[in-house]
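One chain, chain A, links the two complexes that follow: it is found with chain B in the first and with chain C in the second.
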Partner chain A sequence: MITRTARRWLGAFTFLVCLCAVAPVLVIVIESLTSANYVAFPPPGLSFKWYGETLKRPEFIDSMFVSLAVALATSIVSTALGTLTGIALVRYSFRGRGLLQSLFSMPLSLPGLIFGLALLQFVTLRNLPVNGWTLLVAHIIITMPFAIRFVSVALLGVNANVELAARSLGANPWAAFRHVTFPLVRPGMVASLVFAFILSFDEVAASLFVSTPDAMTLPVRIYVYIDQNYDPLITAISSVLVFAAVIALVIIERTMGMGKLFGLR
Partner chain B sequence: MAPAPRRPRGRRPVVLLLLLPATVLFVVFFLMPLAVLVINSFYDYSRLGGIVQTFTLKNYLSIFGDMYYLEILGRTLRLALFAALAALALGYPVALYLSVATARQRGWIILAVLSPLLVSVIVRTFGWLIILGPNGLVDSALKAVGLHMQPLLHSELAVVIGLANVLLPFLVLSIATSLQAIDPAVPLAASSLGASPWRVFLSVTLPLSLPGVVSGVLIVFSLASSSFVTPSLLGGANYKVLSTMIYQQALVLQNWPFAAAFAVTLVLVVFLVLFIQTRAIEGGKYKVVFH
Partner chain C sequence: MSHIELRDISKRYGDVTAVSHLSLRVEQGEFLALLGPSGCGKTTTLQMLAGFVEPSDGEIVIGERPMSGVPSHKRNIGVMFQSYALFPHLSVFDNVAFGLKMRKVPSDESARRVRQALDLVQLGTLDQRFPRELSGGQQQRVALARAIVIEPSVLLLDEPLSNLDASLREQMRFEIREIQKRVGITTVFVTHDQSEAMAVADRLVVMSQGHIRQVGTASEIYETPADVFVASFIGQANLLRGQAQRAPNGDIELRLADGAVVAAKYADRGYGGGPATLALRPEDLHLASDARPDTNQLPGTVTRVNYLGSTLNIGVRAGDHALTVLAPRDAGIPAEGDNVFVYWPSTAGTLIVENA
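And then the complex of A and B:
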């Protein structure tokens, strides 16, 4: 439905846009190999010295571990809670179901910055400590809508009668879930685990407010550093994040595909 | 419908048990913090004593009464609008090409457009810092051809470029989904009835893709109006929007009531956009992500 010339122009334009889409990431990886002590692109010479420099910065290594720990815990807790909630919302009808559904999807429309500020003010008002647990709670709430969504979508695809069949054949509710429902919603749970991990690992806005020097996620540490300094150190640290994203990408492509994770056919 | 099953005994406790953990978590650590935020926004602040718990409209009056703050509000809306339009101009052709591309090309385009979502926004923004900054990619390229220009960094244009890049995936997803939903027989029928390819695009494909365009633009608008990292790093210290004001008031000046009032204002802006969106087309902000 399109002329050959139009298609060619469209293709060329798309290619340029795709190039711009990956440009910032490519530029960072190239710049991380610079031998200069200042940021200049293209780099005047090549070296691995900024990677070596990274290893001498314990605060970044600490933040890497904080980010990994929070992301891992978020992904597991969020998926577990999301599964319980998803089952309740999809399989049972009760009063206030719609209300709960909107409550659980609210973090999607609330900017992370504002949630972070609200949580900080609340925690301080209640004289609760701000530490790694605050970060974890924030990340769980931010990722829950996605976890519930992924599990619900998987669950909607499962005929409720298969569970009833198992129950009528004498399985108790737990056995019916364990042997019938669980294997069927597993793809949704895997998607939720992966998505929640990435979302938590990359989160900046809310974490800015509930991070402390002792428990600061890597993206926040990077923000605080760039705000004050401008040197190639961050390119090396960012490249490590890019390599981690490539690993995540390979896992996603092998299991479900990027397009499918985001709902494209 | 399945025949009404014999309701398992203890059904209510089961539902309660399933919902209890998430509900408690959300009420305590989501709704209550938001309530605290709204209440704080009506409190006064003194530099010595911190939050003064007396009801006042002072914070809102100064936001909506002071030209300086009104300008910030206007700048936030303008930035979000420009970012949404820039993302649309870049994203629509890509989504359109996606619908005619071969399977192999599709795979590559989806990979290029969506995979940046896996990298933190802070990293992608830093990439633009290197592209647009002094001695950056653009600067070096211009110098190589003998042109000397003011670096683009720390301008509104830089922020728009950065935001358009960061938010492009949401727009492409939204439009591609609505283009996918078009029955291929419809444009085919139009062209078999003698319409030129341009005519088919203008009077069939484009109107049918409008729901995706509208919801995509609104998503990008609301995400851009609340974005923090990109305006803060690419706009420079003097480029103030609502989100950077909130950060400055809360974490630098420690004036929590004023920061809370800014936050409530920003939420109202975002909710107004979402309200228009749900009115325009039913479905929430991430409907395109999940259909």
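And then the complex of A and C:
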């Protein structure tokens, strides 16, 4: 039994934690509205001029498109592969299933930097070109464990007998998938699409290694820029990324509910 | 030829044998119950009939068609599950119409048949609801409608009533039986509840540990259980173990461990004797305060008296045996600790001999 005072303390503590997590991002968003030519908090004056500045930089616009394209492709491929894998791992039992499950989860435990470096070495040592495709492969590998997880969770929420019922009523395996399994895991697939998109868009560590001047994602571009310059341009671009992420999360909440993704509901 | 034949079916999962050398015949239109405790293999047998699981050995024939290699969706069966397994994303109407849709039945004929099936289970007004809006009993009726609307050759019911509360269970078991009789579909019904099986089935198959112990009508199984397992699984049984021998006058005598001797009947005239168990139903036994030497009797002490309204359930300790006696309430109510005689006619009960 949690007493009312304990609940209030818990609420205050939770609020503090959220504040600490969100505050730095809020600061950046506020800084992006500055009228000055230097980064300051609080900003001396408010202006949207730095958002306008971002449009004048072709390399950033370029990277925005690269990020969008890679994120879109990643989310689609990752979700497709993740769905097939998720269904196989949940609905079928076979020898080596546990091993495969661990194998598919491994990208989660691999630091992005190490993975990026390893992928770079792998590709160059075989005299393969490093380009947008390498970037795509890296992002797919990184996001797949999540795609598998989301689809698996959705599938586990479905009574396994439902598929047997469909079969007994005359549905062949493909018809059973199309009419029964797919509609029921669709929320998981949508969540996977959105989550993989966000993950890919924000990915920095591995992308640092496999990005090239022609195929450089936005976060990597920002990172490189900060190395040389420090002006409010970067805060404006970062804020755009934050807004995009917020929109994506709202979509997930509406289609599947964030709590369910993490097994809370 | 029988409608369904299982010929020497076995199912193994690695080292575990779920079903062992099972042979069974089901006649057209029959309502057969597979009955037994958890793990006896009844559900596995049903799954093999449905095609969800392939037998390790043996053959299944339905309607003179061998079923090996035939997937579920080609077997023309209807299945009901313990968890109902309704499609949560479809309305009641679409749930019931699903099988017809898979068979490409034109939509107007499909609609007519769906309405007919829903009327049969008395859910005609709820066709636009979704499964989550229905009670357990209503969901189970939708599941029944869904299974029979496709006019399958066989109906397979996997403990369909186990998730319902007791009164609904009793009501639904008779409804299912009514509908089955009306439509005439061969039905195999799996349950662990012996009173349920006895109430509705034409024949019962009592199973344990992957084997069939006995097949018969409810009265055959109750009156003449084939072995000790069946005797104690169905109803209550008082089991008196001992050595049987043939008395000089030709009757069988059972010498119990504590020395008491009781008379029993055994059909096989050629039986000479050996270890055996006399299985007596509680209602076969009677209590008396004085000895009844002209019948079988055992002296004992009353250990408990349960007043059940119409009957009394009385526990008696007689020597090594803990007996249960079901007495009518007008026979007088004994008290705990009373010394009584438990007696029964030699025609009562079944002598179960141990195979040599």
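We adopt the following convention: the second predicted complex is superposed on the first by the 236 of 265 C-alpha atoms of A that agree within 3 Å, B and C clash if a C-alpha of one lies under 4 Å from a C-alpha of the other, contacts with A are read in each partner's own complex, and residues count from 1 in each chain.
Here is the rule we go by: a contact is a pair of C-beta atoms (placed from the backbone, for glycine too) under 8 Å apart; a residue touches a chain by one contact, two chains touch by 3 or more.
If you're wondering where the values come from, they're calculated on a predicted model, not measured in any experiment.
Using the contact criterion defined above for the overlaid structures, shared-chain residue A:V17 touches chain B, although it does not reach chain C. By the document's definition of touching, neither partner reaches A:L55: not chain B, not chain C. Shared-chain residue A:P42: touches chain B; no touch with chain C. By the touch criterion stated above, A:E31 is placed in contact with chain B alone, chain C being left untouched.
In the overlay built on the shared chain, the residue A:A88 is in contact with chain B alone; chain C does not reach it. Touch criterion met: A:R167 reaches chain B and chain C at once.
In the superposed model, A:A175 lies in contact with chain C only, and not with chain B.
More residues of chain A are in touch with B than with the other of chain B and chain C. Legend: residue contacts after superposition of the two complexes on their common chain; A:V204 is shown touching chain B, with no touch to chain C. Residue contacts after overlaying the shared chain place A:V250 against neither chain B nor chain C. Residues 161, 164, 167 of chain A touch chain B in one complex and chain C in the other. Listing the residues of chain C that touch chain A in their complex gives 50-52, 71-79, 81, 83, 85-89, 98-99, 102-103, 146-147, 150, 156. On chain B, the positions that touch chain A within their shared complex are 2, 5, 8, 11-12, 14-15, 18-19, 21-23, 25-26, 29-34, 36-37, 40, 90-91, 93-94, 96-98, 100-101, 105-131, 133, 135-137, 140, 165, 168-169, 173, 176-177, 180, 187-188, 191, 197, 200-201, 205, 222, 226, 228-229, 232-233, 243, 246-247, 250-251, 256, 259-260, 263, 266-267, 270-271, 274, 284-286, 288-291.
Those residues of chain A that touch chain C in the complex are listed here as 158-159, 161-162, 164-172, 175-176, 179-180, 183-184.
The touching residues of chain A, when paired with chain B in their complex, are 1-3, 6-7, 10-11, 13-14, 17-28, 31, 38-42, 81-82, 84-85, 87-88, 92, 94, 100, 103-115, 117-123, 125, 137-138, 140-141, 144-145, 149, 153, 160-161, 164, 167, 173, 198, 201-205, 208-209, 219, 222-223, 226-227, 230, 234-235, 238, 241-242, 245, 248-249, 252, 258-259, 262-265.
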